[in-house]
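Going by the order they are written in, the chains are A, B, C and D; count residues from 1 in each one.
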């Protein structure tokens, strides 16, 4: 049995731990019927036939290693530059050709939402696939947790913690922009974990006025500083009321590098105070996975290997109720898990005195 | 409404975050009908009437603070030294007297298994109690997670990670003794997270011979070092077959400071190699809670305050399916949640090539 | 003896540890002739007479606390907004008035370059001052180390480490913008510590072309990614040749939020690759001081208290040869310690194969 | 030119960074006249002729890696087990034979005190050696800093910080045993950095009575807990007065696993309180080097390569005044740098209110 493995989309913590989990579970069979192949740079390598055999030693000492030893690339069908002339169909054909030529009996695919759509396409075209849910955004449908999320929460919380002392010392309002274009899980958890005063997520359109009021209420209570955790995908109430087209136009005309800077300008206008913006950026996605992500990735890897052994293809491994289950790709591909605005944890954040900016 | 709060048993990460969660949820009512009291040093303060009113400011800047601002004491009915002359009944009477005298309408009690037994006793004697599940051991029945656990997993994993480089460099076998007298959750998770080679937990009696074989198998595969994560409550197969009385006698006669040292001696005998023992000890329980524990503690605190508001006493807050629920104290008090030897995560650890020492 | 203490300029790690060092050294005298006063928000509090007596308890548990419990403000004579109408002379007069009115026998002043200029002005006007050198930039003349620097090196290195895994996984070039407007010490140390490939500091004007060559040389050697550590005060060779006025105009016309973005655009033009920019920002200055900074701050604090006892005013405490010495303020005020382009550590960075971008 | 490299003695942080520093500085010459060899497990590999050629790729990604990729072994002339039958002279002869047979033009030796004695012996027998000072104890004569020290200070401080919250919460006295058999630098720095109340180092014999008084003074001041940082090589006043022979006998008869446990028993006797002991052990030596150690190791490595290029053999690289200098091995071999009991930093610790236990 020939197994090809690839990691696709933005890198995150735990990719190597998950690859190792798959491989270690198959160690005893490697060389005795099972051969593992690493496909380079995600779907790019599958399209171009760039892969190589991997041995047990290749998976040594990678449990705590950030990034992915296989390399990755983003959005194969949208922005992939090589080979840029290809149509989507051509790319798919090339992938199928590589699978056939290499004789891959199945593919192990690690990725987020975009990756899962393509994985499902491969499945519909007859390829045996097993997928693992990776993303710091935790926005994949069908699993309680994706790996990467808990590590990113740690980092984002650490950044906000650190900003806390400066905000206090300088009696200032700080905005910390947290990753998350469509889902606010990361901002929500990091904001609660680090005692942010306001949390702004894409799912709950914000009102600059309400945020200004929250800041001013704190000032009245003698708190001379405030910290606002803003997801990069935050939208204002006005924007939420726009059509998709209007929104796109509005954003293109927006004279700020990101929504955080716009909010800073709005709040300066409303409160008369300077507002500082800090953007930890890619820092949130890199480095060693936290312990919880290493456990989760290892378990996902072991479960994926088990699915392959049993021939249960077309599934994503997922966490439910502290158990690893198999969820049909057809059910999860293309579905986003966003924060329900009235969910329990949001209600608890409000109960704790946090403003959700609305 | 007068609310008395106490933290009891060994301290752990997240106690202050949980106290803050309760208080912040009640901020708007404080001074308007709700008064919070801090009872010092757990049940000791309740017995001796040692408590004081607390204001919102007392809960500022404690989200990330390790330990407990209220102080704690261990095992009120067993080893409490002051007042040592008292019988259990006398102590209970004194607690009830304090509750009455102080006019506490309810008690918020944060603790582990021992604490919950006493909390239930108070409940049976007519005291309104709401409890929060705290312990790095994660061995409280009725909740998927206790706070403290995830922080301790991080620290224990960090220690094993660090030992890894020395074990490799010196081609040595290391035993790292992890906290957990009755339950192996912490050792199991930290062991998987840090790539330990052998994991020994109380629930799965170990065979020194099997562990020696695991070490020797690794040596045969060219791995010149091994790391064994051992829960402090580990027992050998021989001990597991003993009566409680025999076991106690055997342990009293054991010429080693802990079971890890005994295992080290056994393995030296069997393999001819020096085995090093490292015991991080209390380091696992102290310091700032990790982000996940801060979120969990805050949510538990908010939920506990909500239960008080609704008059739903006699409950422990618990995590189930990522929701905070109320579990009757009568159902959980005195019940331990240990690792089922055949549970999924143990099976996955074995699949990943780890030895469980059996 | 009445001692007023203030912290001024941007906050950094170790301010509280240093304040504690002063106070702990004087504990036995407090209440017996020595009284400590905290002046709020740096020189702002001195101008406005905003100060309060401090007791030993105020210094408990602040050794590891980030920021400053006294608050701080920036640049009293340039941008201080309150009272904005005042001239520099008026501000100075107000400060002197506060010193007199409060009866301060001496001031302990913690700050960086700007702060030291004002401290020296106070000295010249008859105020007894002792200063402590604080800044993450390590650019104060007269001391080998300032506190804050070593903590910031740790954080900046951690960020670059983390970016490393993403840069590798995506085969990308990353620019990490490190704090430091005039001096490159932080970028230089963090860059070496984290294995950056190119280090760009204000003292060594950069050539985008040379940096592009360094990237391409790495690509030729099979390294598909590169990391460039850029100090925020970096200047190009062209800019270095400009007059101060030309430079200012050029920068005002620069269509990028910072020099890092400009360099990214230049490198994209030269190499054809997308270049990512990450800016950890204030994250570098906040949070707990590292162990070395806590030792240094404590020692500086103890030494400052000793100078006060001995009546040796008009000095800055400084580290030389692992000893704390007193350096006359008149010698250090207004002098910057920048990286000599031909100094040993730069030569060693080059020897290690790093490009300095020139 | 053939260069053999070895790491000897207990591992510590920064060994790999230093090896990388040597190699990266010689990259351009590798394959063009310069060949690097890695000798396995320290002097063991030199005795047995166990070495292999190394290429630039072998030094990739090891800057932050703990331990040593070459492996190490302890005390070649005392406890080395293989080949145990050999006399010291035989071992030396075998080493010289390997050097000759392999054609090593010089050896790069990384190690601590024991290692340097042997290195000097090799030098005296005509071998070209350059050494790098490694040890978490910072007790090598001739250099202000050894690599490993600053990382170990960070870890030991982190452990004491963490114990702090438990000591406070339980109103307990804790002893934390820090590494350091002969020199107290690590305990001294970590103790100051983490706000320990008592610091006990080998250079200043302790009086249990004085320590008990320090604890009781704190109790009188309302501090219900104390933390005592004890170097593993601590000696009591009584022991300090003994002859070497008496001391050895006394220690062999000591019914405690380490001096910390004895001190705990003494303090329990004197104060009536339970005293807890925590021993972080090897945890202090493992894991990634801190940023400062990575810079120092890299600089040492670059300087060592430079010495080789210039043919300046028989030297140890050393840090003095923030410069890397060459110190003749003959001057440093066998010389220990301990803490002068009356040095400045000890005086400052006392000024800060810390007890040195004497």
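The criterion applied here is as follows: a residue touches a chain if its C-beta (ideal position, glycine included) is under 8 Å from a C-beta of that chain, and two chains touch if they have at least 3 such contacts.
Treat the numbers as computed from the prediction; the structure is a model and nothing was measured.
*Asks:* Identify the chains adjacent to both chain A and chain B in the sense defined at the top.
*Replies:* none
*Asks:* Could you give the fewest steps needed to travel from chain B to chain C through chains in contact?
*Replies:* Contact-graph shortest path, chain B to chain C, evaluates to 2.
*Asks:* How many Å are there between the centre of chain B and the centre of chain D, using C-alpha atoms for each centre?
*Replies:* About 35 Å separates the centre of chain B from that of chain D.
*Asks:* Starting from the mean Cα coordinates of chain C and chain D, work out the distance between those two points in Å.
*Replies:* 31
*Asks:* Please report how many Å separate the Cα centroid of chain A from that of chain D, as a whole number.
*Replies:* 42
*Asks:* Of all the residues in chain C, which ones touch at least 2 other chains?
*Replies:* Answer for chain C, listing residues that touch two or more other chains: 158, 161.
*Asks:* Classify the inter-chain contact topology: is it line, ring, star, complete, or other?
*Replies:* Looks like a ring, each chain touching just two neighbours.
*Asks:* Mind listing each pair of touching chains for me?
*Replies:* The list of touching pairs comes to A-B, A-C, B-D, C-D.
*Asks:* Taking the touch rule as given, give the residues of chain A at its contact with chain B in the complex, in rising order.
*Replies:* 21, 24-25, 27, 63-64, 144, 150, 153-154, 157-158, 161, 189-190, 192-195, 290-292, 294-295, 298-299, 301-303, 305-306, 321-324, 344-345, 348, 351-353
*Asks:* State the interface residues of chain A toward chain C in the complex, per the touch definition above.
*Replies:* Going through chain A, the ones touching chain C are 7, 10-11, 15, 41, 65-68, 71-74, 155, 158-159, 161-166, 168-171, 174, 224, 257, 276, 278-283, 285-287.
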